[in-house]
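All chains are identified by letter, namely A, B, C, D and E, in their written order; residue positions are counted from 1 within each chain.
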């Protein structure tokens, strides 16, 4: 295998992984800290992408659109927290599943009413739409490089926020014992609303940057939500580090599976079998990864202590 | 007086096919068949989810496996309905045994996700066999049962019979020693263990039983649609079954049945009224979670 | 008062494949408007349902139409797997299914059925045409790409039926995958002389976009079946598509009055350029109209209806005939995406690849 | 008016069941006061009501003259009430040091506030474990941490609810020593504990609860002279 | 022969040896108290004996049988039962159901899928007998969550008792009890000692010195002293590590 192919595939894995991280980070914070399963997380991702696509049309600038979408989605997220999710903190996980699933249906339909059934068009900014030469002879789409940068930046920021700041300590304290945190003077309610807004904003970033690569369409959040859950479960619920490691693992394994597994299989198995089984195994790989991780570490790689 | 309502209901169910035929309502007979199949699948899930506290997000695996067993065996020339049923239920139980044995090491959300992972693996494996239709699914002709010919009407009665038998089985089960321990484990696992209960075995037995029943539901589904669809195996299907249970009432005996009935009917009715029917479904679900914490069964119990 | 014709229209109207279903529906509706909302002189009632690209949902909708609404004809399905899931139920009720798109090989060969007529093509046809064309261009080798599902595999089989050169690699990816970075890296590393990809619906848009963004379009020519290079994809991808060759049974500039009226009115009504899907929807209605007219509006004469349908009708592609299995016998054209002086990007007919081409399975069908 | 904490006719419910039936008590600035009573008599509930965790349904609570019964727990905490709760309840996923600094403040405007350094001198063992996560501590260390965490907010009123439960004898003595130290520095304290013999010399005044009602109130000398009160309400 | 023998038992949590090469014998019929500073490893030791944690090293023998690798539930059937330091009950069930579950566990054969358990009279009778023994007969149909803390501690002992164990492992039964409730608990334990061997972990020295026949002192996971109450009271090491000057208080 030529080294350039290898490097390119690793970059692909990183890029995919870091986008998953943006989704997974919000999810793991909400789940780990508020102990709330929010299936509508994927809907916020969709809203972020739709807002970006719309704002690009209005402002003509991708970056302005991203900014607007992040703020808008964060606002919508906070409204959602205030109106519905707040009622669910004290309820069991299954009620949360049903309620947030209902939210998915509602948000999907509302988006359909506003934007119609057809996918929206969202393109990378003109300046980033071509490839750049990162190593002699190795070209890589500029936009994807930007995604890698944004993902790493957000990961650092979040890690700092959660592990090094007072607000981070409050959040973790509130996660393990909400009542006691309040008794120590932490204003839990606004803090959780804010956290939910941050999670929604992260979704919007993911939506804005994945929109041009994937598609801006209704239901875009659901299958990727499953992947985000896979990521946080592998990493250990509630841990930013876990989410990052899990996301990169999933990104790399998935890319490697798609890129190399069929090749590998075709060397060892008859072509008929290989071409049947290759794509199937590639699709299975991340689930296999999760099952294996959980078999040996039933709490994920970096269990956050609560 | 308590028996009047069930007896009338059962009478209506028994008399429905001839009435439907006379009035040109065959479509609704089919709809009822489908609802009963989902009621069976959802009730099996309710056993582990509601009574056992095991939130399996992979129940579609058994459901779909049952359907595919019918399709594949018919294709391979096995046409005896009884044999097909036995094989399908056996395979589903075996699959549940494997998945359960590994998954029951984990708890909580990790359990939800690992059961999902296994179901996804089954999904991708099944669709990778091109000779079995791949993503297109596979035709599943109706097998021979010897005693009767399987048509839409006999299938209706067959499904009704299976559902009633399964519900009776489940009823006895949850009120038996076994059922009580299962629920005790859900309430406080560490305590149950300290009392001397082999927690893992109890959970696994329930898990396998639920898998087998879901497999049977899948068989009926294949008889109903005459087609094994990969969608039966997909995670959305698992989610759908879960929604039925939660909507109907987790750990409430009639939860699975009520959930299947109401969700199917709501979908059916709203779909006819508006293209934005999912909005209606969402609002109804949200309303129920917020105002009926124990699902419809809990609501009805409170009402009566 | 004459009875009405009830037509059930089940199609993919939401999700990634929605563009296709919407085009077929709009084409079908346009034809009805041109026919004064009548088919063969009978007033028509169309019942529309969205299958969400989900076989179970489709099955439910079809059941409702057959058993509750008692439709006379069904049409509209885009994807073969959906059609295969509901076909048996339709044929069992002895209701005709007029396919405006999906053309699975199953219904062309041994399992062919008297209640099935396809006004579009057999699934392999456009790929066969492209295989033939790439063969005549004498490319040394080619890289093949398709989603891993039966239609994807059939597509590449169809291509290879006429392309005799070397296949560098035949890569199948997950259905409905939207990020092609891994596959594109593989293509770049394999350095083939040409790429042929079957990517229906949203997959096509994304693949072509990403292929262009990776800078490959200039280095390795990309060949596509008409599905992946029609007006809908062009709208989404834009300039990146200029130069791409593709195959189609229908083109914008086909010179007959029906087509000219169709193209003109479609543009006027829907404010966009019609695609081959739209033409197929339009033709489905024309076929129904011709057949019902031929039996004098007596829908109980099933045999005569079938005979009338297979006898052919005047379509957007001119007179269209059918094989005994219900699939069309027709020409396949070469098209190229070009940018017109005004800046508009269109798909222009540049040649004919096959004339009066039949599908490869017809001989296995026992129907006469 | 020098009472820091005033409670009047407090009535508190858990859902439908009433637990407190009109509790009244006062704690003067700089005093150590106790709440005594058998299991389940409402001591913890009283404290939870003061803290706003289980808000009182009726009655008034004033902190330095200001009504606080309608405030949220975090607002009450911000006014300078700190709780060492029943069962320690330290934050298991924060390190020892984080447990201490996360809520640090000078709510008492104390000229000589509690700082990390002072806590380290008070509990040298905690300093050794400063980077350990809370759950890794033994019961006694957790108790020290809970006390330190409360002190770090420099409260005007410090509340200790069974701070010695489950502690080994040696550690219990350590806690009493610390409380004496605090009192010498003028800290106002409300304490709940079952070791009456240690509380008598420490505290200035006592309140005994029986089934959610105050049945006896008075200072240490009065209590020491009334063994029949002990017998009846505390079974000692 | 000793009822329970611990040979070189160790439990490592990462770098921390919570129980470190611990040797201990429990004789049939005695009340053996285990005391030691907080974090000495007492609860960990109970968990090891009950089978809720696997040991890192060492052996456990119960009635001569090596039970080191026996799962927890099988140890219960051999005659080992425990209480929890932190109350651990079926909170949403009644006292009756809690006890019936315990009785049923002892009776084995819980894989009965058909008979309605509600009709099994002998389960109820046995449960009621235990309830009387621990003084909860008057609370038989109460939901456990509504019981007072002290009553819950009594039920905690009752559950262990219902499995008719040979060895009863009591982890701080007095914790959180007031003086009066403690007194009652001491009486109950003394009464139980007539039929059961008891391993008692407790910080309430008054209770320990009144009840125990033998006392072992655990410090940093190791037994530093073992002997009669008088010997332990006199041991200066024990005073330094644990008792302070309270040992002589009562």
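Basically, a residue touches a chain if its C-beta (ideal position, glycine included) is under 8 Å from a C-beta of that chain, and two chains touch if they have at least 3 such contacts.
Here's who's who by UniProt: A = Inner-membrane translocator; B = Branched-chain amino acid ABC transporter permease; D = ABC transporter related protein; E = ABC transporter.
Just so it is clear, the structure is predicted and the values come from calculations on it, not from any experiment.
What are the chains that chain A (Inner-membrane translocator) and chain E (ABC transporter) both touch?
A chain counts here if it touches both chain A (Inner-membrane translocator) and chain E (ABC transporter), which gives B, D.
Starting from the defined contact criterion, work out which chains touch chain B and chain D both, please.
A, E
Any idea which two chains share the most contacting C-beta pairs?
Result of the pairwise contact count: A-B comes out on top.
List the centre-to-centre spacing of chain A (Inner-membrane translocator) and chain B in whole Å, with centres computed as mean CA coordinates.
31
From the mean C-alpha coordinate of chain B to that of chain C, what's the distance rounded to whole Å?
Distance between chain centres: 37 Å.
If you average the CA atoms of chain C and of chain E (ABC transporter), how many Å lie between those two points?
Computed value for the inter-centroid distance: 75 Å.
What parts of chain C, by residue number, touch at least two of the other chains?
Expected reply: 148.
For chain A (Inner-membrane translocator), write out the residues touching at least two other chains, lowest number first.
As it turns out, chain A (Inner-membrane translocator) has residues touching two or more other chains at 112, 279-280, 283.
Chain pairs in touch?
Touching chain pairs, listed by label, come out as A-B, A-C, A-D, B-C, B-E, D-E.
Would you mind writing out the residues of chain E (ABC transporter) in touch with chain D in their complex?
16, 36-40, 85, 148-150, 172, 175-181, 183, 203, 205, 241-244, 246-247
Quick one: in the complex, what on chain B touches chain A (Inner-membrane translocator)?
Per the touch definition, chain B meets chain A (Inner-membrane translocator) at residues 49, 55, 102, 105-110, 113-114, 116-118, 120-121, 124-125, 127-130, 235, 239, 242-243, 246-247, 250, 276, 278-279, 281-286, 288-290, 293.
With touch defined as at the start, can you tell me which chain A (Inner-membrane translocator) residues reach chain C in the complex?
Contact set of chain A (Inner-membrane translocator) toward chain C: 1-2, 4-5, 8-9, 12, 15-16, 112, 117-119, 121, 123-124, 129-131, 139, 141, 143-144, 213-215, 217-219, 255, 258-259, 262, 275, 278-280, 282-283.
Please name which positions on chain A (Inner-membrane translocator) make contact with chain D in the complex.
166, 169-170, 172-173, 175-177, 179-188, 304-306
Note which residues of chain E (ABC transporter) are touching chain B in the complex, please.
That would be residues 50, 52, 71-77, 81-82, 84, 88-93, 97, 101-102, 104-106, 109-118, 120, 159, 163 of chain E (ABC transporter).
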